[in-house]
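The same chain A turns up in both complexes below, where it pairs with chain B and then with chain C.
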Partner chain A sequence: MAQVNLARVTKSFGETKVIHGIDLDIKSGEFVVFVGPSGCGKSTLLRMIAGLETTTSGDIEIGSERVNDLPPRSRDIAMVFQDYALYPHKSVYENMAFGLRLRKTSEEEIKRRVGDAAAILQIEHLLERKPRQLSGGQRQRVAMGRAIVRDPKAFLFDEPLSNLDAQLRNEMRTEIKKLHARLGKTIIYVTHDQVEAMTLADRIAVLSAGKVMQYASPDEIYNRPAAKFVAGFTGSPAMNFAPAKVSADGASVMVAGTAIKLGYPRTSAGGREATFGIRPEDISVGAEHANEISARVVVVEPLGAETLVTIAIGAEKPVEMVTRLSADIKLAMGDTVNVSFNSAKTHLFDVTTDMAITS
Partner chain B sequence: MKQSKELSERTLGWLLLAPVGILLALIVLYPVAKLLISSFHTIRLTEPWLGEPFVGFANYVRAWEDERFWGALWNTILYIVITVPGSLALGLGLAMLANLPFKRKWPVRLALLLPWALPLVFAGLIFRWFFDFKLGFVNDFVSRFGFDPLPWLTDPILAKIAICITIIWKSSSFMALVLLAGLQSIPKSLYEAAEVDGAGKWLQFKEITLPMLMPAIFVALIFRTITAIQTFDIPYAMTGGGPGDSTETLAMYIHKNTLDFLDFGYGSALAAIMFIVSIIATSGYLRYTQRSAGRD
Partner chain C sequence: MNLATMKTKSMVMLAGLIVVVNGFFPAIWILFTSLKTESELLQFPITYIPRDPTMVNYYQAFTEKPLHLFILNSVIVAGASTIITVFVAALAAYALTRLKLPKRNLIMSCLLAVSMFPLISLIVPLFQVMRELGLLNNYLSLILPYTVLSLPVCTLVMASFFQDISPDLEAAAMVDGCTRVQALFKIVMPLAAPGVFTAAILAFVNAWDEFLLALTFLSRESMRTLSVGITLYQGEFAFPWPLISAALIVAIVPVCILIAIFQERVVGGLTAGGVKG
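Presenting the complex of A and B:
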């Protein structure tokens, strides 16, 4: 078990810089998720930690040892690959034993460790099979088993669930969370799926274009996004954004001709243009709140447990926003309703930098 | 009613298969059958008054007692035993070289393809000049290190060595092409997983490349073995089977009997023997593919 530290880490492929000076500290035993859209550099960063990609500049430390110049095998990490990368010609047992054999572990110890890992992952009955005889979920378990038996300093997961169907993905996500609770090991996990990031992580690093946009707990990321990108990337449906004009005292904003009160004043942005943001669940319909606003129902999408309702506010240049409502509230397209915004949960972003305005 | 319908479906099936059946019979069965029939007759175009009498196994018995046949057979086996593993080793090396992440892949692929694209006789002629006693590049090279020039093509042992080198050079590019296709089908992540697991380059080769490449190696070996059994052009162009008949192969001896001596009966018997040797070699391949098909 070990902490992992990245300091001013960069990566260039020829002229193209893909990682721009990243600083991250990952505590021992922490579950950290790198999340971001395709091409943001999250997998490259993970592969740099693994040693599968060279580091152009900066320092990578695993357990306070600088590992920049060490090959992957000397870094004492285990990795689970997106395509599982199981050795097709070896049995499940041999797949899991391979790394131990290379480390000259005794046959008895190998048998014990593979047995333990197989028991944890419930794959004891599959040990004699070849990977091609396994289902996607079983292969995934074997790939994790191969990582577990090694008892490394840190586990690296590279989009391990993206090849599974939706139901299996949910099951395996739970398994991984349980596994972390049980083993207590440092895990660095890469995904493009914000739900995986939110559910699994102790801390999330949201990446965009080779930079860390925010590195914080899921709660912080969701409720206090540091940038518009982070706010838009987390949550489903995504946060509603609208162009706004901040009042002179910074206490409220005008959106589509409607005044909306902010949770606390943003005096630094007083009188300026800004981007207003609010999550779908923070808009309520028909309730008795301070800032009730008239809105028109544009689309109603019932999901069973809840209903997504798209509303339009403002008469001249209406702004559409999605709200998440209880399924009990029955609305029809074209209805006019009173909506209110939860002031405490309103967000404001700078129009040029896209960073959150917090003062 | 039902029975007649089934019968007509059966007939239709046979009818649909018939064109392929006829085609196969024409291009495969007929020549092989004709060869086997000829091998049981005396057919000498130099003595047409003999007719084409049936002689049973006489041609095969003649082969059994023919020292030159055994010499040619042993030479053929020697070429198989030396050049098949030789071209596999060289081909594997070339394939791995071509599989390296070059910035421009086409010059490497072209270099790989050229020996393969070159007609066999040309390769034989080129290497005959290379190994020429007076003018050859090999003797020039040897003499630069202070050694005496060697009679490459006129000494029975040296001639065999020169022929083997030429065959290996010529055939390794085919091996390399087949193996390169195999190499490229191995996912990169397997090497990365092995790297993380702790395997160095040699272990990665032993534990991943070789086992994953086995099917391709097997196919390449079989194709190469069959062409090695039929070795003709290169020794023909380099030594013509000489000195004496010390480098003559079975295919050359068959050619000599049928086209030089016009003894079609005996030539057919020798060709039938070569055919049987090829069948034995191919059956190993068939057994392997059946086994792997059953396993999946």
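Presenting the complex of A and C:
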């Protein structure tokens, strides 16, 4: 078990800078997820922690030891790759035993550890097979088994579930969460799937273009996003954004010609333009909240348990917003309904910096 | 199976047969000749299948000239140059495919260019070099040039195989505890085995068959390699065809055995690059 610390870490490939000074502290036993859009540098950062990419500048510490100059084999970490990277010419047993053999572990000990890991992952019946004789989900389990037999200081996962179908992905996600609870090891997990991030993480680092936009608990990320990018990246469907004008006292905003009261005043932005944000589930039909507004129904998308309803508010320049309503509320395209916004859940972002305005 | 597929199938069989017969005819002819006596060979009308097969030519091939020494010399020269070639080519191919080398494509093109130098243009400078180094009539005078000559092609063959191996496999091996070199020999090489064997066979056959350098650099009779040694069986007035044929068969057989042993892997090796699986 070990904490992992990154301080002012940067990475350049030749002239191109892909990681721009990242500071992160990961506690011992913590499950941290790096999430962000494709190409934002998640894998690069993970591979730098593993020692598979050099660090251009800054310090990486694993268990309070600076590891910048250590090769991967000396960092005592294990990694699960997106394409599993199982050794095709070795049996499942030998795949799992490989790292132990390199460390001169006794044959009995290898047998015991591989057996234990196989039992945890329910792959005992597959030990004699070659990787090509396994299904995607089974390969995934073997890749995890190869990581856990080594009993490393930390686990690194690079999009381990992205090659699985939706149902298997959900199953394995639960397995990984259980595994973390059972082993209590530090895990750094890369994904571009915000659902994986929200469900698995103790803390999420949201990355964009080589920078950390916010590093906080899933709850914090979801309810108090520090930037428009973070707000737009989490939740499905994503948060609604609309151009707004903040009132002089900062207590409310004008969106599409309608006044909407904010949860608390933003005096710093009084009288300025800003971006207003609200999540689909924080808009309700009827007068549940204050801020009742008349809206037109544009699209209705029933999902079974709930219905996504796109509404348009404002007369001249209407703004469309997606709402998430109970399936009991029957609406049709073209209907006019009264909706209300939950003031406590409204967000405001700076137009130029995209950072949240919180005072 | 319908008629059309049966037809294509028989066409394929026919084409295969033509290739096989065409390739094997000279070898079979030599084999038959080696089993005939000189008098039967000169008979008219000619006989195809030896009427009275005899092993006497084989016996004579070994007694008239030190054929066993020729074989030994060839095995040493071809074997040593193959081992060195495969080892060096593996490292070179790995560097070419995995490291971020500047001007990688230029290096690859140069390799290809080097492999196209005609041997005859090298023989004079090489001879001088070998003489200066005092390596004439030393196995090294052949092992070194053969290695150099086989390296480009073997490197390119192996590089194309290494290219198909996911770099993540090495990454996994290095995280598991390998050094980079261990990852090459424990993971990459076994997976590229067909390529490694293809390269080895190419290097071995090149060295086994080579004549010009062997003739020039190893002039002492006891140092002759097979390809040169066989030409020494010349009678004063006539070519002893059956004798030469017997010696030729002795020269061909080891290569055939070698290829037969690795056949599956080599055939896999020669086709695998084309069809990515």
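The rule is short, and it goes like this: the second predicted complex is superposed on the first by the 357 of 359 C-alpha atoms of A that agree within 3 Å, B and C clash if a C-alpha of one lies under 4 Å from a C-alpha of the other, contacts with A are read in each partner's own complex, and residues count from 1 in each chain.
Just so we're on the same page, contacts are C-beta pairs under 8 Å (C-beta built on N, C-alpha and C of every residue); 3 or more make two chains touch, one makes a residue touch a chain.
Just so it is clear, the structure is predicted and the values come from calculations on it, not from any experiment.
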Simultaneous placement of chain C and chain B on chain A, clash or fit: clash
First (chain B), second (chain C), both or neither touched by A:R182: neither
Touching partner for A:R112 - first (chain B), second (chain C), both, neither: neither
Which superposed partner A:H125 touches (first chain B, second chain C, both, neither): neither
First (chain B), second (chain C), both or neither touched by A:M79: both
Partner chain in contact with A:R66 - chain B first, chain C second, else both or neither: neither
First (chain B), second (chain C), both or neither touched by A:K330: neither
Shared contact residues on chain A - chain B and chain C: 50-52, 71-73, 77-79, 81-83, 85-89, 98-99, 102-103, 146, 150
Touching residues on chain B, where the partner in the complex is chain A: 187, 189-190, 192-200, 203, 207-208, 211-212, 296
Of all residues in chain C, those that touch chain A in their complex: 166, 168-169, 171-179, 182, 187, 190-191
Chain A residues within the chain C interface of the complex: 47, 50-52, 71-73, 77-79, 81-83, 85-89, 98-99, 102-103, 146, 150
Complex contacts: residues of chain A adjacent to chain B: 50-52, 71-73, 77-79, 81-83, 85-89, 98-99, 102-103, 132, 146, 150
